[in-house]
Every structure is written in C-alpha cells, then in structure tokens.
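Every chain is named by a letter (A, B, C, D, E and F) in the order it is written, and numbering of its residues begins at 1.
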Amino acid sequence: MFYTDGKLQYPVRVEKPDPLFARALQQAIGGIEGEIRVAMQYFFQACGARGNPKFRDLLMNTATEELGHIEMLATAVALNLEGAPLSEKEAVAADPVGSMVLGGINMKNLLSAGLSAMPVDSDGVPFDMSHIYASGNIAADMTANVAAESTGRVLAVRLYNMTNDPGMKDMLSFLIARDTMHQNQWLAALEELGGPQGVFPIPNSFPQEKEKQEFSYAFLGFQSDGTNPIAGRWSEGQSVDGKGKFTATPMQPLGQKPVLGQAKPGSGAQTEQM
Amino acid sequence: MFYTDGKLQYPVRVEKPDPLFARALQQAIGGIEGEIRVAMQYFFQACGARGNPKFRDLLMNTATEELGHIEMLATAVALNLEGAPLSEKEAVAADPVGSMVLGGINMKNLLSAGLSAMPVDSDGVPFDMSHIYASGNIAADMTANVAAESTGRVLAVRLYNMTNDPGMKDMLSFLIARDTMHQNQWLAALEELGGPQGVFPIPNSFPQEKEKQEFSYAFLGFQSDGTNPIAGRWSEGQSVDGKGKFTATPMQPLGQKPVLGQAKPGSGAQTEQM
Amino acid sequence: MFYTDGKLQYPVRVEKPDPLFARALQQAIGGIEGEIRVAMQYFFQACGARGNPKFRDLLMNTATEELGHIEMLATAVALNLEGAPLSEKEAVAADPVGSMVLGGINMKNLLSAGLSAMPVDSDGVPFDMSHIYASGNIAADMTANVAAESTGRVLAVRLYNMTNDPGMKDMLSFLIARDTMHQNQWLAALEELGGPQGVFPIPNSFPQEKEKQEFSYAFLGFQSDGTNPIAGRWSEGQSVDGKGKFTATPMQPLGQKPVLGQAKPGSGAQTEQM
Amino acid sequence: MFYTDGKLQYPVRVEKPDPLFARALQQAIGGIEGEIRVAMQYFFQACGARGNPKFRDLLMNTATEELGHIEMLATAVALNLEGAPLSEKEAVAADPVGSMVLGGINMKNLLSAGLSAMPVDSDGVPFDMSHIYASGNIAADMTANVAAESTGRVLAVRLYNMTNDPGMKDMLSFLIARDTMHQNQWLAALEELGGPQGVFPIPNSFPQEKEKQEFSYAFLGFQSDGTNPIAGRWSEGQSVDGKGKFTATPMQPLGQKPVLGQAKPGSGAQTEQM
Amino acid sequence: MFYTDGKLQYPVRVEKPDPLFARALQQAIGGIEGEIRVAMQYFFQACGARGNPKFRDLLMNTATEELGHIEMLATAVALNLEGAPLSEKEAVAADPVGSMVLGGINMKNLLSAGLSAMPVDSDGVPFDMSHIYASGNIAADMTANVAAESTGRVLAVRLYNMTNDPGMKDMLSFLIARDTMHQNQWLAALEELGGPQGVFPIPNSFPQEKEKQEFSYAFLGFQSDGTNPIAGRWSEGQSVDGKGKFTATPMQPLGQKPVLGQAKPGSGAQTEQM
Amino acid sequence: MFYTDGKLQYPVRVEKPDPLFARALQQAIGGIEGEIRVAMQYFFQACGARGNPKFRDLLMNTATEELGHIEMLATAVALNLEGAPLSEKEAVAADPVGSMVLGGINMKNLLSAGLSAMPVDSDGVPFDMSHIYASGNIAADMTANVAAESTGRVLAVRLYNMTNDPGMKDMLSFLIARDTMHQNQWLAALEELGGPQGVFPIPNSFPQEKEKQEFSYAFLGFQSDGTNPIAGRWSEGQSVDGKGKFTATPMQPLGQKPVLGQAKPGSGAQTEQM
C-alpha cells in the first residue's frame, strides 16, 4: 500500500520556460529509459520476487522513489510549457522564428494535454508496458535494472547538457546522482547474490552439463572469409563466470537446409504448394 | 553486407510435432527475450558504435549469429505445427480433447501464416522494435546485452524444461550454451572497457562533481513509518564503482507541493481553471 | 450496410494552406480524441448492443455521421498540405525560415502519404484500436461516449484557437457544434436509462449487498501523515447514485506483506530462490 | 513523493490456485479497464491540474490508492499461478485434460515472468500508456474517470462471477465497492464543478455563439431512406446542458465532392496523377 | 458523407454457436488481413487520391462496402459467443472438457466486451492503423490492395475450412466471392493505369536514367560461396516492366567498412569513445 | 546461417551532414516502407515457404541483401547526424534559426541513440513487426512483396528529391535501382507461378464453385442514390483472372437488422439489457 504527501522529493524550478526542452524532458518520463519504466519495472519485480524477501523490500522501496521522480518530471514539463504559444499567430508574435516552437514541440502536449506532461516519449510515442522486464529470476532482474539505470543516466546527462536553465540543471544533477546510486545498488544486489561467479550464467539453476558445452565458451566467427572476428578479452582466458575458458573459432553450419513438408490441403496455400 | 548458405547453424529436429510447444517457441522468436531482439539490438549497436572499431566488429559478428538463430527457431515452429489441425472436426478426430489444441495455439500461426512461424511472441503479440536498446554509449549497450542474454537464457531453460522431444531438447541445449557464451562475452567486453570501477557510473564521461553528490551513494528509504528498508550490501561499505561509500537514510521531501499557473485563456480548459 | 454520395457533410475550405496546421488536424483524425475513435467506438458499441434495439439504432446512426467527419478532416489535411515543400531547398526558397516547416510537419504525411492525410495523430503515432471502448454494458458505453465527446470538443476548440484561416474556423465551428450535440445526446441516453440514480453504480445488475459495503461510499485517505485529503462534495452528504452516504477516513492496510512461495524447481529462477 | 509500508490494502487470499483465473485477473491489471490505467490516469491528471488545487489533491490521493490495487492484483495473479504446470507432462499428470491449462494461460506469465504477474491484459497484450486520458480540462478528466470506473466495475463484476474461490470473491467484493465509491466520487466532483448545466458542453470556456449553433442541439439522421433514426430523450425537449432544445432532422450533405489538386511533380506519384 | 439502413449486406446466421470460432472470426475483423484494414485503407486512399477522380469514386465505393463487412462479422462473432460460459463452473457443466472453451477464447471478448465483437485479431491484439497503406501514388495503392485482398481471401478460405456451421459457411462463401471480385477489381485498375509495362516500376514518374541502371535489372546473389541463387524467370529474359533485361551475378561489396567519427564530448558516451 | 564482411554493399557518403535529412532517412529504415520490413518479410516468408524450394532460396537470398540495406541506411543516418547540435545554445550558435534543427529532428536519435540510427520511422515511431506479411501462400506473399517494393521505391524517390547532397543522391540512386529490380523480381515470380490467370484468385486451391458465384465478378454499387459508381475496366469485360465476366449493379441489403439475444444474467450488463 502507498501513501503520499503531495510534495516533491526535490525542488523543481524553471527560470525560463522552454517548450522545446519540455519535449526533451518527456523522454525521461515516457521514454524507454524513463521513470515510468523503472518505477513499474521495480514494482512488478517486487510483486513477483520469490525467495529471500529482502529483495522484494529493496525493489518496492526504490519503485516508490521512482514514482516521485515521475511527479518531479511531470512538474518540470508543465513549467517549461508555461507560456508556450497556442497558435502560430501567438508564436510569431513572441519570436521572429516563432512557429518553429510550435512545430518543434510534441503537439500532443498542447492538443491532448493542454500544456501538461503526458506518459509519452520525446517524439510523442506513448510508453508501452512491454518494457517492464520482470523475469521471475532475481539475478536477471538485477541485470535488467543495471541496464535501465545505465541508459537512464545517459539520458539524464544528455538532458543536463542540453539546457542552460539553472533550475533544470539543479534538478537533473539530483536525478543523475540518484542514477549513480541505483546503478551501484543493483550491482551491489548482484554481489549479494554471489557476484559474477555465483550469479552467471543466469539462471544458475540449470545444470550446465545439460547444455551443449563445446559451445558454452566459444567465440564463434561469422565472417564471410572464414576468419575469426576481432580478438579481445572475450576470445581467450578464463570466462567471467569462472566456469570455462574462452576459445575462438569460425563457425561452420552444422545443420542442413530446412525442408518443410508440402502445404496441407485446405490450408489456404496455392495448389502448387500442395 | 551479409551472405547466407541457406543451412542451419545447428540441426533442428522434431520427433513428435507439438502445436502447443510451437506457441511457446514463438516467445524465443518474437518475445522481448527472443532472437529478433538480440539480432537487431547488436546490429543497431554496431551501426552506432563510435570509438574503438573492435566493438563494432564484435557486435556485428554476433548479430550475424543471432540471425541464424531466428532461422533455426522459425524452422522449429513450422515443424511443430506440422499436422496441427485446421478445424475443430479434425482436432477432435485426432484427440479426445482435441479442440483444446486449436484453442491453445496462437491462432495467427494458423490463420495468418498457414502453420508457419511469425515475428510474434507466445501470446501472438508482434515484436516491437522499441526494444532495441542501442544508446550510443558502448558500456550502457553492454549492460543491456548482458540483461538481454540473461532473460534469453532464462527463457531457453523454461522451454527446455517444457518439452520432452529429444530433437527440441538438443536444439535448446545448443541455444542455452550460446547464451552462456554471450553473457560471458558481454561481461568480458565490460572488463575490457575498464571493469566495474572504470565503467560505472555510466556514462563515465560526466564529471561527478556536477551531480548532487550527497545523494550519489545514499540508499534512501521511502517507508511510511520513516524507517529505512532492509539493509544489505547496498546500504554500507564501498560502492561497487569504487567512487563512494554507501550510506542509508530515510527520505524527507525537499520540495513543496507543485503549483502550476492558471490555465491560459483559449487553452480549452474549463472557465473555473482560468 | 452503408452508402455514400461522395459529398462532404459540411464544406471544407482552406484559404491559405498551412502545413503545420495540417499536422495539428491529424490529431482530430487519428488522435485518441479524434474521429476514427468515435466512429469506430459507436460502430462496435452498436454491433454489441443487447436489449432495447433503440440504442443500437442511435449508436449506428451517429457512427455513420462520424465516418463523414473523418472524410472532412482528411480533406482538410490534404488541402493544408497543398504547396508544402518537398525539399529543404524548396522550403528555404519559400520562406526565410523555411526548413522549419519541413521539420515541423509529420514527416510521414509527406514521405508515406504524398501530402495526404493518414490515420495517425499530430505526432505521427498511428491510431490504435484498443481505444474503442465497447463494454457490452450500455450505460458504461454511454459514459465512455460522454468522455470521448468531451475530450473531442476540447481538441476541436484548441484547433479553432490555433488557426486564423476563415475556412478552417468555419469547419471547426461546425464540428464543435456537433460535439455539443453529441455530449448532450449521450447524456440524454443516460437519462433515458434511468438517470444517475437508476444507472449508477454501473453495472446496476450487481447486487450491492455482495460488495464490501463499508467501503462503497467511503472517501479513503492515503496521506502519509494519516490525515484525510481535501474535503469536498465527495466526502460528505448523499452519494450521487442516491444509494449511500459519503464518509471520509484515512486508510490503514488491512492486509499483510504478501508472501509468495519459493520458486518451483525447473522454473528458471536462481537457485537461491528455490 | 510517495511512501510504502509493503502491506496490502486488503487481504489477498487464494484457496485453490487457478491458472486460468490468473489469466482473467491480468485484465484487471493491464487491461484498458485495469488498475494501471486508473493509477496512472489520476496521477497524470493531478500533475496537470490547473486551477483550484483541491482537484490535484483529490486526484493524487486516489492515484495512490490505485497503486495499491495493482499490488493486490499482482499478488492474486502470482498466488493463482502457484502450482501451474511448467510442462505438458506435468500438466497431463495433474489433470486428465491437463495441457488445456497450459494452453489456456497467458504463456508469457510462465515464459517471461516465471509464474508472476505482468503489466499485460488477459490475452497477453501489454498496457499502452496512450490510454491515460489527462486533457488539461478538469471536467473532461472527470468524465473520463467516471467512464474508467464504470468499465472497471463491469470488469470486476465479471471476474467476481467467474470464480468460485472464496478468497478471490472477498477481494473482488472490496474492489467492486471501491469502484462504486470512485464512480460516485468523480460524479461528485462534476457536481462541485457546476453539475450538468455548469459543466457542459465541455469545455465551458468556449463562447457558444462561435459554434455553428443550428447544429448544436440537432439530432441528425443518416438513414439511407432519408428518415430520422429512432426517437428518444435525445430528439426533443430541453438539452441536458440546459442551453438548447433538441430537434431532429435528416441530414443532407452541405458540401460537395472534395477536389484535391493534381499531384506535385517530384512528389512520387504516378505520372498520370500530375 | 455516409448513410446506413441498419441491415446486413448478406444474411448472417449461426446454427450452433461456437466460441472458439468466434475467436477465429476476430482475425477477419481486426487482423491485418481483416475488414477494418481494407475499409480504412480504401477510405484513406480515396481521400488522398489525386488525378483522375474516378479512382477516388472507385475507392470510396468499395470502402463503403467493406464497412458493411465489418458489421456482418461483428454480428457473426456475437452470435457465436451466445451461450459462451461466463465461469469455469458453467463451462465444466456444459462440457466435459469445459474450461477449455474458456481458455481458448480471446478473454477480452468476454471480459472487455461482454460476449461481443472487438476490433482485435484472433489473439486479442488490437488493430493498429499503421496498416493503412495509402501512399499518394495510385498504382502503389492498387498493388497494396491486391495484396490485401489476397491475404484476405486466404484468411476467409481458412475460416471456411475451419467451421462446419452451414450459416457460417454460407456467409463466408459470400465474403470469399467478394474477395475474388476485389482482387480482380484492383488488378483491373492497374490495367486501366497502363498494365505492367505502363505502371512499373512504381512510381513511373521518376526518370530511370537517374537510377544506377546497372543494378536495375540485375538479380544479385548473396550466397556465401559466391554463387548465384537459384535461377528462374527473374534471372534472365525481358523484365516484366518491359524496360530491361534480367541478368544474374554474385554481389561483391562496393563500399568499405563504415567509419563514424568519435563521439562528441558531452554526448553521453563513455570517455573511451571520445 | 548468415555471414558478414562488415563492408557496405554500396558506398555511403555524406558531403554536408543534414540532421533533418537524417530524420527523413529514418523512414527508410523503420517506416512501414522501409528496409527492416522487407528484410524481415522475405526472411519469414522464406522460413515458411512450402512446396518448390526455389522460392525459399529466392526469398532468403533477397532478405540477405536487404539486411545490408539497413546497414547502409543506418550509416547514412549517423553521418547526417554528425555535428548535430546537442543543445539549443549550440544550435543557435551554428545557425540563425538554430533551435529549429533541434526541434525538427527525431529527438530520440539524440536522446536515446546519441546521434545514431534507430529502428524507428521519420516521426520516431518504432517499427512494429506485425507488418511482416508472410501468409503461407506463396502467391499472396509475392503480391505483398510487389506492394512493399512499390511503396519502398516511392519513398526512395521522395528522399532523392528531398536532398541536394551528391553522396546521398548517389546512394539513393542505387537503392531506387534495386527497388526497380525487386518489383520486377516478384512480378517474375508471379509469372513463374502461372501469371494472372494461373495465380488469381488467390488462393487458387479453393474450388470456386463453393463461393457464392453471383458475386464473384460483380462490381457492386453503394451509392446512396442507388446508382452504380463510376465505370471502368472493372465494370465490364473479362475479369483479369480469366475466370469470369465483370458486371455492375447497385447493392441492396440481403440481410435484416441483426438481433442479438438479451444479455446473459451475470454478464455485467445493465439490468435493462437482460
């Protein structure tokens, strides 16, 4: 169960409203790197976390924080849209290259939302909840979370670099710091789950003797000239999970051309296929 | 540029066609954990890889492998659909609980594809290319790839456990082994990029003194009773990126209730909002 | 069955083509507040209307009108795109800030449709038919229709305020009038179905003694300080459906922390979860 | 900002796990009538509420409640999936018509989520955030909320009628009661905003003399034989908004056949179109 | 503008309701081969048809027919759902393998629509209007229409073969006949536009001397062993558009490995990429 | 199985980077007319091709070519984004109407991809794999391919006309030539399958005596005044498939108004519907 006090986790201040930056901020709300994604991802991971309950608590606690981040960003979008023009006439009056602003914003922020935030990305595409990765495997979930916070912080940095507004820079410096923590937090959870050698390969519950082991640590080449691709840490030495040694080899097809049967009569194919 | 020989990377053999398992295999083609996802993700990451060209080569090489995995799985789906009933009459004739089979498959595999594979998941939802995470930050991309291969191997293991068909188990034991390698491969790439302390926080190009540093390694609590959530590796000790020390503290709102201006005249709001 | 005469329900005239306004008009075609939505929503509601056939007739009649509105708006989009530039060179020639226009339009209107209308919204996102609310409950459908016409008229007003073109203003003044009627029409249908006290709570066929009645008219508070949120008509007095009295109280959790079982062996979880 | 105590708002108890009912419950999580929808809808409406701040508080308070409903339902799904078969062999062993169960569930609940809840509907389609109606017009928002709670309660009633499990019936009797309240609550908010005559037509800020008023209260007929469709409350008498009188008349086209110009040279059309 | 008489174009009769067949029929409503698709495709093509107005008329006339086909199929779905069980208890009572039926239907037809039709496909995926191909090139549109009617008739044939119900077979024999006509109709339109040699390559308005003509009629091979793929009508002889001669040759890459610049400072990449 | 050499099929050169043109090029990657679509469409058609294996080879060979086209275009997008501004300050510095550029691009190319290509269209909408038409009927597939290459070439021509960059014009002249070939190639495959009279109506395996033949070659009119729509090749003479004679006649409804039963008790409808 959840509670609110209606206040913002961190102050949101806009000195000079900038409708184009409002559009960019939408990515941090409804983009795949955005706050809806992490809030809902941690929420659903928490709800499906089996085993040690500490992970459920950890996940739901941070899901709760992320809900507050959506609220902050939605406020920032609305404040940046203050004073956005409602018509080309108004736009041109405000600015010699005025209708540019009208053309540059997500029009739905104006037409659908009346100059408020929406759960869409910076091109107006609505967030799709298929991006909530919650696998039922706690370690896979943690890797997904490290990835989410990595792209999240990359986005926040790009937004920070895009604006000159001191209020926005301040808000983003807070969100960037939180992304630093959250990257570290999920990495710490992976350590608690056993570190690279305890955790990988995910899932660690599958007996590796059942996999076709000659391919488990082989860096396979698919170069048309039959050579291996570029060498690196991945092509020799101990594997990162500690359970094998990297090798490298060009791949040859082991199977043949697939042969499907004729089409079934009545299956809607052409006569020639039957 | 790409080439093909029309052969399968690894043999695909189905001893007893099973239309319900065909449905499950669709998840490995068009699910978010599936092969279209990794093939296209590595492809686009390669195309946008700036800096050391070895990462472009590494990514495109493995993208090329994954294309062959889609081909293998599409063959497996078609072979499992061989002999699937085209009508309830046929279904009931084949099996005392026959129409079950017709009800249990993705109907589009029959109605849209004539008993062949489709780029959809196990519930018939088409794959959506927003799941291609290619951030322009090579380290963020690698974390996304570790995550993709982790959920991918979890899926492959679930499929392995679901079937009794020796041919399918053999094919999946190969794909599981490849997922083992690919998890290790992307982890190795992260090592080559500097390991946890060189790589994190991602992006490592943002000067951390610009972030609001008192929150960079703080585990914040959002418990309604003002306590911290459960302690763990994430609440004390050195941070995983080696750049801070974890602390823990309950969060208090630092901002106030947001106050938006009145609605603009002409903005389509109610009169009472203006 | 349907018929057409190929004529427009109301004249569509554009005095000065405006590609940016064409983009805005797309929202009224393929936005969630747009005409495809209402046309198809009334259509499917009609097809599923059980009980008194007058509602089927009412719905299909108005669905038929809305089809004509799509036609009007598609014409308006094409006319506003007349003369839109096909290249930046052409754009710059036409206008000192010319490529702005090219950047401001939905590019698909040019690239996919050759300067014609599309079933997409003002940011180029295609309409998704999940927005067709047709519940099988005639009263729920009517509330959905009131809502659809409310956001529809808000949108039409925003478009009216955005343009200076007399032809466009005339067309929109007609569409706004129709939205006025349609709001009233669905409200009238709700009256015919019994008015607030006969209709609500929807569905009225569920025996209210089966609901957990101490919560049926209670305004519950989720404020972190344990107080109630702001009072209003909703916190005291007779309920609008006439079947209860509003009360207000802070909520306490009645359940415990959820406890799921361990992960099943073979379920693809980590060993630690089993 | 938000807080949690990790407890459920109301107890969630499943006496006999039923994987097929788990599938049905997914509709109440990720369906368009579900809890993610209302939680996020009220959340975004709150964030964009301009004018009297009491509506922001009202909306965010109830958004907070709905977050707890997602949590309850996600728990209910996971509990109903306890003991679901992981393979056909297991399914057949458990039940003479066993693989039916495997065919009947959303396969992603097994394959993607490891027998946990997901933000998808009962057919496995992910929730799409375009369903968050937050218009910037407070009255339009309230009508959308009445509609959402109406379809929400219809769904909850259908779920109640579908199950025999006492725990599930108890949980649903609570959720149905809350839907009763929420329908009334938003209707009460509409009363506070002025009731039908103060609120409609939405937006009430548009001067009605600017609309083409001869069509504002006219029930137009689109019957192919030129008659009016069925009469009703909507075809005569005072309009519900109190600002006009209903009339009824068959519609004649007022416009002509649309004539677009020739295709522009270089626009990618056929030569014959230029 | 459109009109209706509320009657069905062709009788829709169901002798024995079959909920599973209702699910299959949904594909013909909301599938990519379905009637919403063709109705809306012809509608938007008509609205954007430039040049000879006869094509606009032709397209809008047939769009109008297809609207009536949606109506027929929506009726067929509802009639097949008559008597579908609302609960497992009811399902089991009706049928020894009863809950199969409940598991086999699109659950949304029950839960969202109350046993009525929806604009979704046979797996419950909503129709997405991006499938409306309306290119602004009349010949490209006609090829898209031939393709749509081809997959449409394939689907109708599969449905015909799936059912034993005489009423449904009769309805489908009518729809199949209409698809026969519509395939021929759009082929006839292509003839009227000049036939293969006048129409192709589409668009015929682009001067072919501007294309890299040595590749315009070359069948290029991408076989890894450097051979050409299988020969056929496409590898020698006159091209179908009559403007060239087919040749065949293996492809060699003409470009080099792409080299992107370093990542820009401040672009959110890793330091190592700059 | 697939191979790569990392080189481009044809040189990709950009003389003057143009971020707005990068946006337009995205349509050729992730638009419905783009290269992902054809690559994946031919791929899945190949995997499901039953009957003569030459079609599988033909399809997979060309799928392999198209993969290389995605690679070319992704390179072109990245090169056009070189030097795109990362902030409004930078934008304004570069150009008197600078922020126009920032407003005109797909923001996700900057914010999500760091100035690289994405699998999205020119308005930032991700490609959706439901556009992969692979029907299991080889002739229907070929018509879909002709349609895909027709809209594809229309798009390429529009892009060619939009740019002045010699490198981009050169690349597009190559892609246009390939589209010419691919249109001809699939038309040639239709000839090999029997030409219009052997192939149509698709599927040719359905006995035409089972269709309601009086409607198989009838051009039906849906004009509200009871006349036929405009005459043409489609209204008289031999049908294109050679199996009938075109006739023309206005349509009369053959069915009645649909009558559904009352709503079932317990189905969540209003009491009035039962």
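By definition in this document, contacts are C-beta pairs under 8 Å (C-beta built on N, C-alpha and C of every residue); 3 or more make two chains touch, one makes a residue touch a chain.
Treat the numbers as computed from the prediction; the structure is a model and nothing was measured.
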- Query: Among the chain pairs A-E, B-E or D-F, which one reproduces the interface of C-F, with more than half of its contact pairs identical by residue number?
  - Reply: B-E
- If we define chain centres by averaging CA atoms, which chain lands farthest from chain F? Would you check? D
- Message: Quick check: how many Å separate the C-alpha centres of chain A and chain B?
- Response: 10
- Note on the structure: chain A to chain F, mean C-alpha position gap in Å, rounds to 28
- Query: On chain E, where are the residues touching two or more other chains?
  - Reply: 1-9, 32-33, 47-48, 50, 53, 57, 60-61, 64-65, 68, 71, 75, 78, 86, 97, 100, 103-104, 112, 114-116, 120, 123-126, 128, 130, 135-137, 139, 151, 154-155, 157-158, 161, 202-203, 205-206, 222-224, 251, 253, 255, 257-258, 260-261, 263, 266-269
- For chain D, which residues are in contact with chain A within the complex? 1-9, 30, 36, 40, 43-44, 47-48, 50, 56-57, 60-61, 63-65, 67-68, 70-71, 74-75, 78, 112-120, 126-130, 132, 134-137
- Query: If you look only at chain C, which of its residues touch chain F in the complex?
  - Reply: 1-6, 47-53, 56, 86-89, 97, 99-100, 102-104, 106-108, 110-112, 114, 120, 123-126, 135-139, 193-194, 199, 202-206
- Along chain F, where are the residues that touch chain C in the complex? 18, 20-21, 23-24, 27, 31-33, 97, 100-101, 103-105, 121-125, 151, 154-155, 158-159, 161-164, 222-225, 251, 253, 255, 257-263, 265, 267-274
- Note on the structure: chain B partner, complex, touching residues on chain C are 154-155, 157-158, 161, 224, 266-268
- Mind pulling up the chain E residues that touch chain F in the complex? 3, 5-12, 32-33, 53-54, 57-58, 60-62, 64-65, 68, 71-72, 75, 78-79, 82, 86, 114-116, 125, 128, 130-131, 133, 135-137, 139-140, 143-144, 146-147, 150-151, 153-154, 157, 160, 170, 173-174, 176-181, 183-185, 187-189, 191-192, 196, 200-203, 205-206, 208, 210-224, 229-230, 232-234, 239-241, 244, 246, 251, 253-258, 260-261, 263-264, 266-269
